[in-house]
Amino acid sequence: MRLLTMHPEVKLGQITSRSLADKPVHVVHPHLRGHVRQSFSLEADLEPCDVLFLCLPHGVAAGAIDRYRAMSRVVVDLSSDFRLRDAKVYERWYGQTHPKPELLAEAVYGLPELSRAALPDTTLISGVGCNATAMNLALMPLARAGLIERAIADVKVGSSEAGAEPGPGSHHPTRSRAVRTYSPSGHRHLAEVQQALGPINIEATITAIEMVRGVLATVHVLPTRKVEQKELWSLYREAYAKEPFVRIVSDRTGAFRLPDPKILAGCNDADVGFAIDEGSGRIIALCAIDNLMKGAAGSAVQAMNVALGLDESLGLRSPGVHPV
Amino acid sequence: MRLLTMHPEVKLGQITSRSLADKPVHVVHPHLRGHVRQSFSLEADLEPCDVLFLCLPHGVAAGAIDRYRAMSRVVVDLSSDFRLRDAKVYERWYGQTHPKPELLAEAVYGLPELSRAALPDTTLISGVGCNATAMNLALMPLARAGLIERAIADVKVGSSEAGAEPGPGSHHPTRSRAVRTYSPSGHRHLAEVQQALGPINIEATITAIEMVRGVLATVHVLPTRKVEQKELWSLYREAYAKEPFVRIVSDRTGAFRLPDPKILAGCNDADVGFAIDEGSGRIIALCAIDNLMKGAAGSAVQAMNVALGLDESLGLRSPGVHPV
Amino acid sequence: MRLLTMHPEVKLGQITSRSLADKPVHVVHPHLRGHVRQSFSLEADLEPCDVLFLCLPHGVAAGAIDRYRAMSRVVVDLSSDFRLRDAKVYERWYGQTHPKPELLAEAVYGLPELSRAALPDTTLISGVGCNATAMNLALMPLARAGLIERAIADVKVGSSEAGAEPGPGSHHPTRSRAVRTYSPSGHRHLAEVQQALGPINIEATITAIEMVRGVLATVHVLPTRKVEQKELWSLYREAYAKEPFVRIVSDRTGAFRLPDPKILAGCNDADVGFAIDEGSGRIIALCAIDNLMKGAAGSAVQAMNVALGLDESLGLRSPGVHPV
Amino acid sequence: MRLLTMHPEVKLGQITSRSLADKPVHVVHPHLRGHVRQSFSLEADLEPCDVLFLCLPHGVAAGAIDRYRAMSRVVVDLSSDFRLRDAKVYERWYGQTHPKPELLAEAVYGLPELSRAALPDTTLISGVGCNATAMNLALMPLARAGLIERAIADVKVGSSEAGAEPGPGSHHPTRSRAVRTYSPSGHRHLAEVQQALGPINIEATITAIEMVRGVLATVHVLPTRKVEQKELWSLYREAYAKEPFVRIVSDRTGAFRLPDPKILAGCNDADVGFAIDEGSGRIIALCAIDNLMKGAAGSAVQAMNVALGLDESLGLRSPGVHPV
C-alpha cells in the first residue's frame, strides 16, 4: 500500500480484511494515516479491478485463485503458492499436493531480473521468496558462468520476515538482539533458487538477527576453478549493468564497502557484491535487500510495471532511508 | 540529497565537501549510490545556482553568507545562525555576538506551519531546530488559545541528532540503548519556541534514547484553566486541518494511538496528539517527527517549495517506512 | 531464580508451573541451563519451605494467599496484591474489592530503603512496583524535606515491564524502537508513591522505549522554594549514604554523569541524581533501575535478606553488566 | 575489574591508566561506581603484585613484558602478543617480527578447555581471541575425531569486539543495525584455531551485527564422512561433559534450541551445539559466547584460577543476564 500510494499510474481501490472491515487502514498501518484514506472492505464486497495483489497465507491463495482471476486482469500473488513451476517440487518442499497444478506453468515468477521477458501481458504473477531473492541475485552471475561447485548460503534476516502474527518467538524481550539459528538447513526458499539458477549445489542456514527489515545473504561459494576479482567484476557487470534495481557494491574501503541491508530501508535496490578468500579460493558472494521491498512488495510492483508495459521503475525510485 | 533526487522540479547540481572533493557522494552516503552520480566538488568551484542548501556548522554559515547569497537566488541555511530574529536573544543563547545582525530580520524561519505567509519570494530561509519543531507543533494550538500556564517538555531523541562526527558519547557500545539525560535544562531550541509561540513559560529536558532518527516531544502542560478532550480536538483541528504535513493522532486504542516517531522514518509528517490527566488537569501534548525530515531537511525542502511558488508537498509525499 | 542460584544462603527448592510441569526450567529460562537443574513441579505438589516467592498474576495471589502462607515461613508476593495498605485505595486503583483486606496491614512493602525497620521477622512481604520504585527513590529526599509542590514523572521503560505474555504490542517489528506513550496519566504505581512519600502532588506519564530491561524516572519537580545543587547533595546524601544499593550520580561531565539504566543490567543498584533548571527553579530528579532487579526480584531478595536477618546484600553484589 | 570485584580470593590492587591517572575508575566504567573505589594509578607507580592483567594494545605488551613479569608472579596478557607459539606464524599473520620470540614457548594459552594441564604454576598466560574461542569450542570435538574435511566459519559479532576507541565505523547512526562484512576472509584469529585444533582446513567470514556483546560462530563443516546427530552428541558430550563452562545446546524445539549469545550477557558459559543438513551431510557446528567473558576476561580469570590452584569457577558462576 505504501508503494502504491507513491505510484503515479496506480489508483488504490479496495483493501480487504476479514477481521478489520470498516476500520480505517491506518489502525494497523499507522504510517499510512492520511496517505491511505480508505477503510478496509469485506472480501465479499470486492469489486472488479485491473490489478489485484493477493496477500493470503501460503496454501490459501491457490485454492481461491479462480475467483480472484475472474475479478482482475492481473493477479499478483504474494504467497508462495505459485512460485514453483513443478507440482512435484512443490509437494516435496511444502508437504502437500498443489491445489491448482495446471496453473503453475502459466504463473510468471515476479523477479524481473530473472523473468523480465515472460512478464509482459501475463495475468498471473507470483511474488518471490525474500531469502530466495537474496540468494538468486548473489549467485546468478556465478551460476550462469558455471562457477558454482557448491554454495553454502549463510543468510541473516530481520524480524519482519516472520510475518505479522505475534508469538513467543517474536516477543520483544525474547526476540530483541537474538542471534537465532531458526533454520539450520533445508529452507523452502532453496527450491526457488534451484528453479532459478538450475540444479546447483546449494544449501542454506538462516539466522535471525536484531533488525526489523533486511536480509543479507552471505554465500560461501566453492568454485569450480580459481577466479580473480577482476573476472567477478566482469561477470557481475555483465549480468547487472542494465538492471535498474541492482547495484554492485564491492569497494576497497569504507564501512559500507560491501552490501549491507542497513542502508536499504524502504528501497527496492538489491546490492550485490563479492570478495575472494585468497587462501582457499572461496568466493564470498553477497546480496543485501530490504525483504519487504525487493524481497516482496517492491519486486511485486516492479513486476506489475513490466507486465502492464509501464516504466519498470515507476513508484520505486526512492533511495533507502539512511541512517535509520 | 535523498529528498532532492525524488523532487520532480529539482536538478541536483553540485555537492561540495572540503575533505572529500572528487570522491563519489556514495562514499559517505552509501544509500545514494546510483541515485546521486556526482562526485563532491570543492567549495571553491561552486557555480551559480537557483537554490543553495548550506550545511555548515553553527556559527560558520553567517560569516560566509554574503558569498553564498551572491551565488544563488535562494539560500536555505540549515545551521542555527538565522533562526532567531533578535541579535540579543542570539547572543544570550549562543554566547557570541551575531556576525550579521542586519540579516536577521530578513531571514524567514523555514517552518511553513508557522511562517508560510512570509516565505514566497524570500531569498534567505533558515532551517529549523528539530527539538524546537517538535515543541512548536505540539504547543502551537494551546499557545494561540492562551492555555499554557507552564510547559515542561520532556523530549526523547535519537542519535542522529548529535550529528555526523563520531566521539566517545556516540561510540556504539556506549550509545547503544543509552537513556541519557544529555540536557537536563536550558536547551538552545527553547529560544526558537519562545520566538514562535510568544513569551510562554517553557522548559525542556532532552533525553537521548535508542533510536537513530526521531524525536518525541512529550510536553507536560499545566493549563491556565481546565479543558476537555473535545476542546483540544477543536483547537488542534483548527490549527492543523489544512496542513499537508501535520496529522492529529489521538485515538482511543492501539499501539500507535498517540504520536510515535517509529512510524515516521523518512517521512515529512509531524504527528501531534494530546491527552488529559483527569486528576490534575495536566495536558500531555505530544509531537513526533523524523528529526532529519520535518526537523531538518524535510521542512527545508517544504519551505523551498513555498518560496519558489511550487506545490508545497512536491518531493515530500512518501509515507514513513514502517515497520523498520 | 538467577539471583537465588547466586545466593550463598539459599537452596533453590521447587519451581512450579501449571503449563510446564516436568519440563526442565531452562526450556523457558535458557540462561539457567546448567545453573538450575530442576524441572518444573506442579503447584499441587508444592512442599513446605522456608521462603516462597509468589509470581502469580495481579489479583490471583491474594485469593490463594492462605494456602501459601501455611506452607512457608515467609511469603514474598511479587504481584501487586499486597502493596497498598488501605483497602479503599486498592479498590480505587484496581477497580475491585480486595479479597483479603485484613492482611493489608500485616504485609510489609519490600523496599528496604523505605521499610527496613518493619522487615525483620515479617512473614508476608510484598514486592514493589518497578515504576513506583524509581519514582520513590528519586523523590524520597525531596519529599522528606517538604520540597515538592508538584511532581510530574516522565518515566521511560523497557519491554520486559509488560510481562512475559506475547501480544500485538510486543511483536518485535511493532515494538522495536517504539517510543510509545502507553500511559499518559493515571498509572497505578502512583498509589504506591503516595503511600510511600505521603500525600504529595504527583502525576506520571509512562513511555515505552527501545530497551528490554530498565527504567529511568525523570521527575520534573516544581519545588516549594528555590534550592541549590549543594542543598540537594546534602539531602540525597543524608537519605542514601548508608544504603548499600543506592548510588548518587550527579557528575559534571561524562556520558554517564546522570543516572542511566543502560549500565544497570542485572544489578540491584538504584542510581539517583538531580539537576536544577537555573531559569525556572525546577528540579530534575532522576532514578535509574533495572526493573527486573531493584524494581522486582532484586528488591524481593534484598527484603528477604533483611527479614531473615541475613546480610542485606547477600547474593546481590554483582555490578551491572556493561557495556551490553 | 567487574569479575575481580566478585571474586572471593582476589583483592583488586591498582588499576593504571596513562590518560586518566587520579580519576576515579567509574569515570570510564560507570557500572563500577561504588564497586571499585580506586582511582587510576600512573603506570610508573605500579607496585609489585601477585597477578597482573595486561590490557595493552597488540604489539605493545610483548615489548614491555619483562618489566611486568618482574613485578608480578603471574602475568595474564590480554593482547594477542603471546597467543601463537610459533614466531614465524606470528610474523605471517601480524606482519611484523615478534619482539620476544623466546617467550612464546613459555606462555600458556589461556583457554582451560584446551590447555588446562599446562596452566598450573605457569607465570605467563595469554588471553584468547574471542572469535578464535568460538570457533575452537564449536569445532574441537569434530577436529579430534578427524571429521573436518573443510570448515567455513560464518561468525556474527557485536560492536564491543572492535574495542573502546570511537571512530567513523562505530558511530551509532552508522553502526546501529549494520550487517557489515568487516572481514570477508583471512581473519587473524584463524591462526589460533589452527594452532589449537591442528592443521585443519578452516576459513572464516566475520560479520558485525546489531549487538554490543556476543559472538555466534556458525561453522559450516563439510565432513570427511557422513555422521548422525547421535554420534555428534557422543563426541560433544565426551569433550565437554566435565567442563564447568561449556553447555551443549541442541534441543528440538524452542526459540533457544541452539546456541545464542543473547542469553549469555555477563556470563562465562560457552554454548555449543550442532545440526546436520540431511540433504548434503553438512554439519552446522555452533558456538555462542559473550566475547568480553569467555572470549576475553572470563577465560582470563578462569585460567588464573587454574594457574593459582583455585577452584576453576571461582568468581565466574553468574548465569547470563536474560532477557536484556
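Here the chain labels run A, B, C and D in written order, and each chain numbers its own residues starting at 1.
Definition applied: a contact is a pair of C-beta atoms (placed from the backbone, for glycine too) under 8 Å apart; a residue touches a chain by one contact, two chains touch by 3 or more.
Since we're looking at a predicted model, the values are computed, not measured.
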**Study point:** Chain at maximum distance from chain D, centres defined as averaged CA atoms
**Key:** B
Review point. If you tally the C-beta contacts, which comes out ahead, C-D or A-D?
Key: A-D
Exercise for review: Averaged over CA atoms, how far is the centre of chain A from the centre of chain C? Could you give it in whole Å?
Suggested key: 45
**Study point:** Centroid distance [mean C-alpha coordinates] between chain D and chain A, Å
**Key:** 38
Practice item. For chain D, jot down the residues that touch at least 2 other chains. Key: 160, 168, 173, 175-177, 212, 256, 260, 323-324
**Study point:** chain B residues within the chain C interface of the complex
**Key:** 150, 152, 154, 156, 168-169, 173-181, 184-186, 201, 203, 205, 207, 209-211, 214, 216, 218, 220, 255-256, 258-262, 275-280, 282, 284, 286, 288, 323-324
**Study point:** chain C-facing residues of chain A, complex
**Key:** 159-160, 164-168, 170-173, 175-177, 212
Review point. What does chain A use to touch chain B in their complex?
Key: 2, 5-6, 27, 29-35, 160, 212-213, 247, 249, 254-256, 260, 263-267, 269, 271, 317-324
